[in-house]
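Pasting the structures here.
There are two complexes below, and they share chain A, which is joined by chain B in the first and by chain C in the second.
The block that comes next holds the complex of A and B.
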């Protein structure tokens, strides 16, 4: 009896041993497959991030002598009104992308998946802006918004409204750029939503129809909950994307307007490459990174909370 | 099965490693080959970066060709990078330790930043005939009596106007500021924008501040503020200059929405070409642009210097001008002799003559023949000028230059008072200038 069980134990042991070995082999091959990606990640993502944090502790013009000054850059940054203004503008951008771009993308996806006429044409039309390069978009809209000869003002004049100096006056300038950003990025979210809507099982809708649900009820109880993961992904992309925004702002308003349309990206660029404050610019980048990271963590955390609640219910 | 898997992986890894190694070796291999090639002479490649498109680029290419003919073993890789991008690329390449051998700039405070960081070669004691350059232009790239760049062009800033419109409304070129204001009134009554301004990049508007301050207080205003000789950027002349700017804005003298109109994309110039606007304060680059974009306009086009202000003390012959390109050599270049030859060719009389003829811009090199109608006028102005004012944003240290452009932009946007703008400038100046 006891020898039997010993033998059994022995066999079991050997089995787990072999299993372990196999596992190790497996993880080795997995690791080998990952190596190229990891190397690229380390060199092009992780190293620059660490380098940026390192630079942010220096008084450095980018070329000459590097002087270690500890957290002085950050101290200066947090008392710099231009930084807070840029941050505020970035927050507008975040809000607009989450509450305008993402819902608009959802709406557009609903439209092109519905059974209306000409949805194929709409599909192409909606997606076109996303295919254009940011430089082309920026220039295109600069001409659209041209105060003297631009089509937008011409249309306004046609209806008897006064011309608006779109990109010149401080508050309107930022709204103008936000309009363009919505126009540019809503199609991206549309594609995300469209892809995940196609994946919702048709049976759910059929069952709902049998139960007598109307269109709105179907949307609220089936489509919307099924899209929740996509909405979370979109929000993360929207937050991170709008914190990183640079190109269209830079082209349309030169990131200029004496700071009133400055965003973190353009302010960082100006400090680093125009004013030769590599250290200070890196401090701005570091803060941008921390904000983006924190936002992503918050969104993911609240999503996991939501899922837990969902499980309990 | 497992073995196959491992074999496949090993193969991939090997491929990647070899690939990476090959990439690394590529340059070395090329270098080896070069050094062994024809006639035992070393094959050399020089990188040259500049920011001038159009006719000016052509002139540089011709100069490079002449240089390459004299030095058959040398290839010059010239790279044109647009203005704003250019500044960034140069900074990054310098900090990355891989700068172009030869690069161009506007001299002044921007180049000084690189000089201070010990990135630019000192040309003072090299075999260069400094007498062949115009002194004021050379001073723009001279720091502590050491020369760090050779200038080629001098771009004067003045008003361009539409002769047809002036004739039609019986207007004459203004000599005084009152006459200038009168012209603005007449043009406005006739629904023409008196002044075209594309102020999104901020430097076009800064010309007005610079000229107003000069006409009101003379060239000493800036010199005293910049050299910290008892003057300051809060000088009465600067406050007044701000008031003059806001007076023009209040009179609707400019095209609407000028603060949002970019210069490079051309809507500002378009207003001039179409006759919607009558005058524009611009660099000689305007002539270059007209010839490229809308040559028909040239016969209608006239120029006049910034008018005299009666209540001011500035000398009306004073002129504002920028020096560019200024050719410099990176300190760490491996070919000190060749790069020197190259920038000498780029500032030779032949190159300067081509530059002058093709781009309608005076040059900083002596011994050229002036034929071009506009260059004749501009050169006269330069020769008669009591003093030449270089643009603040190219002279001042970058951070102060940026503030100058920002505050002036806000003056135009009426979002800051002249006093506040002047005070902000002075505060920063005290922090940055010793």
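The block that comes next holds the complex of A and C.
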């Protein structure tokens, strides 16, 4: 009896040993599969973010001595009119994304999903702007907006209007760049909307048709509500997107108009890599990171709320 | 459909078409004009005479170097991204362990991080390591910022590969590496091609890292080279348009060949910029 239980115990012990060994082997292989990605992520994303916060506490020109000055950079930043101006321009970017790019993208998606002829070709042609490099886009539009030889003023002249110097005067310059961003990003939203519209069940429309709904009613009561999650996510993503914006502004109005066309991205670049205020530039980056992080938390939170509601339903 | 509505739809479609395509048409047609032809008639979309002189002259002005550099850095980065993200996606999609979810979320959050928050330390780092002003300095940041979306796409795809395939191999005594390389990887071609194309487009067009990390013309990528062209030859509009056209061709060609992959990459990440 006792030997029996001893044997059983021994077997069990061996089993757990084997299990442990297997577990250790499993952990090792998980580690090996993940390690290249995690290391690269740590070195080139996580560490730099922490370092940015660290640099933001310094007075430093990038080469000489690093002087610790506490939160002075942030104090200076929050009383810096150029910073608030840049932040305001970023707000414009967000608003234009939500109220111009998103609706235009929706319109494009509606057109290429309608019964129009040549949908396939339109799909490609509408999407082309998004594929060009932002640098190419910026340069192309500099010439589109050219006061003397640009096609846009040419069209204005044809209709009897006077030429406008699009990129020279501050207020118009920012509008010009915003138009270019609409051109660049509306196709992106078109793709998002197209994908979510294809996912709407056909039965909904059929049922509505039986109830005698017309096209507009179908759009307002079926299409639009089904797209709401996409619209909400896109709107919050617009905040993150505006923080990532740099290239087109830099190319089209970079430093030319005395700060009023500056956005956070270009202001940070100028402070850091033109004026060599590494500490101050880091403070701007840190603020940009915090805004982005806050948006992400809002997205994740609203997403989990939506899922919860979905589970209850 | 009623006629009125139909007309409205076509008017809308054509207005949108003009908005999206006219600048494009302007770029391509101007690049076929001679300088004289351009000044004579800068707006016409159909030039009276076609010339290829602009294309040959931008090639002579160094565009070839930028082109080769762009191809090099893009291809190397994309290959690395595919392997590293496929490796990481295997345990994230198929294995249970405590840190699975946190690591996955950490990668996801990476999609939202503004590049600016990493610029200065990466600039300092590449100076200290002696990579500054080499193509190599771009490799780390390009791979790192491509990882989040790539891991996301691959993890999602891999978790849909049937478990039976894997279990059969396990019974035959195959280890994790065997399963990954012989079963998972070959079954992931659609996800891999999405990742390749999505990242090709973004890395080919990347600007700000190249702007701060590269100084010498012989190491410049296309976006930086284009900007340099503009600074030097801003009077030569047709020449610049030829350069822009050439720089845009690879990405547009890829889109036309593999439309669906580009689209699925965009929609799965829903990340702008």
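Structural remarks
Methods note: the second predicted complex is superposed on the first by the 252 of 313 C-alpha atoms of A that agree within 3 Å, B and C clash if a C-alpha of one lies under 4 Å from a C-alpha of the other, contacts with A are read in each partner's own complex, and residues count from 1 in each chain.
Heads up, the rule we're going with is that contacts are C-beta pairs under 8 Å (C-beta built on N, C-alpha and C of every residue); 3 or more make two chains touch, one makes a residue touch a chain.
Everything numeric in this text was worked out from a predicted model, so none of it was measured.
For the composite obtained by superposing both complexes on chain A, the positions of chain B and chain C are in clash.
In the superposition on chain A, A:49 makes contact with chain C only, while chain B stays out of contact range. Shared-chain residue A:143: touches chain B and chain C both. The partner of chain A that touches more of its residues, comparing chain B with chain C, is C. Using the contact criterion defined above for the overlaid structures, shared-chain residue A:278 touches chain B and also reaches chain C. Within the superposed three-chain model, A:270 lies in touch with chain B and out of touch with chain C [touch as defined at top].
In the superposition on chain A, contact of A:166 is made with chain B only, not with chain C.
In the superposition on chain A, A:64 makes contact with chain B only, while chain C stays out of contact range. Of the two partner chains placed by superposition, chain B and chain C are both touched by A:33. When the shared chain is aligned, chain C comes close enough to touch A:116, but chain B does not.
Once the two complexes are laid over each other on the shared chain, residue contacts for A:89 go to neither chain B nor chain C. Remark: of the candidate stretches 57-65, 93-101, 129-137 or 165-173 in chain B, the one overlapping chain C after superposition on chain A is 93-101.
On chain A, the surface patch touched by chain B in one complex and by chain C in the other comprises residues 29, 33, 36, 62, 139, 142-143, 149, 269, 272-273, 278.
Taken together, the chain C residues at the contact with chain A in this complex read 1, 5, 9-10, 12-13, 16-17, 19-24, 26-27, 30, 39, 42-43, 84-85, 87-88, 90-92, 95, 97, 103, 106-107, 109-110, 112-125, 140-141, 143-145, 147, 151, 175-177, 180, 201, 204-205, 207-208, 211-212, 222-224, 226-227, 230, 237, 240-241, 244, 247-248, 251-252, 255-256, 259, 263, 266-267, 270-273. Chain A contributes residues 26-27, 29-30, 33-34, 36-38, 40-41, 43-45, 47-49, 51-52, 55, 62, 104, 107-108, 111, 114-116, 122-129, 131-136, 139-144, 149, 151, 154, 183, 185-188, 191-192, 194-195, 215, 233-234, 237-238, 240-241, 243-247, 250-251, 264-265, 268-269, 272-273, 278, 281-282, 284-286, 288-289, 292-293, 295-296 to its touches with chain C in the complex.
Per the touch definition, chain A reaches chain B in the complex via residues 25, 29, 32-33, 35-36, 61-65, 139, 142-143, 145-149, 163-170, 173, 253-254, 256-260, 269-270, 272-278. Contacts from chain B toward chain A in the complex involve residues 2, 5-6, 9, 12-13, 16, 87-88, 91-92, 94-95, 113-114, 116-119, 193, 200-202, 255-262, 265, 267, 270-271, 276, 398-399, 402, 406-407, 409-410, 413, 415-416.
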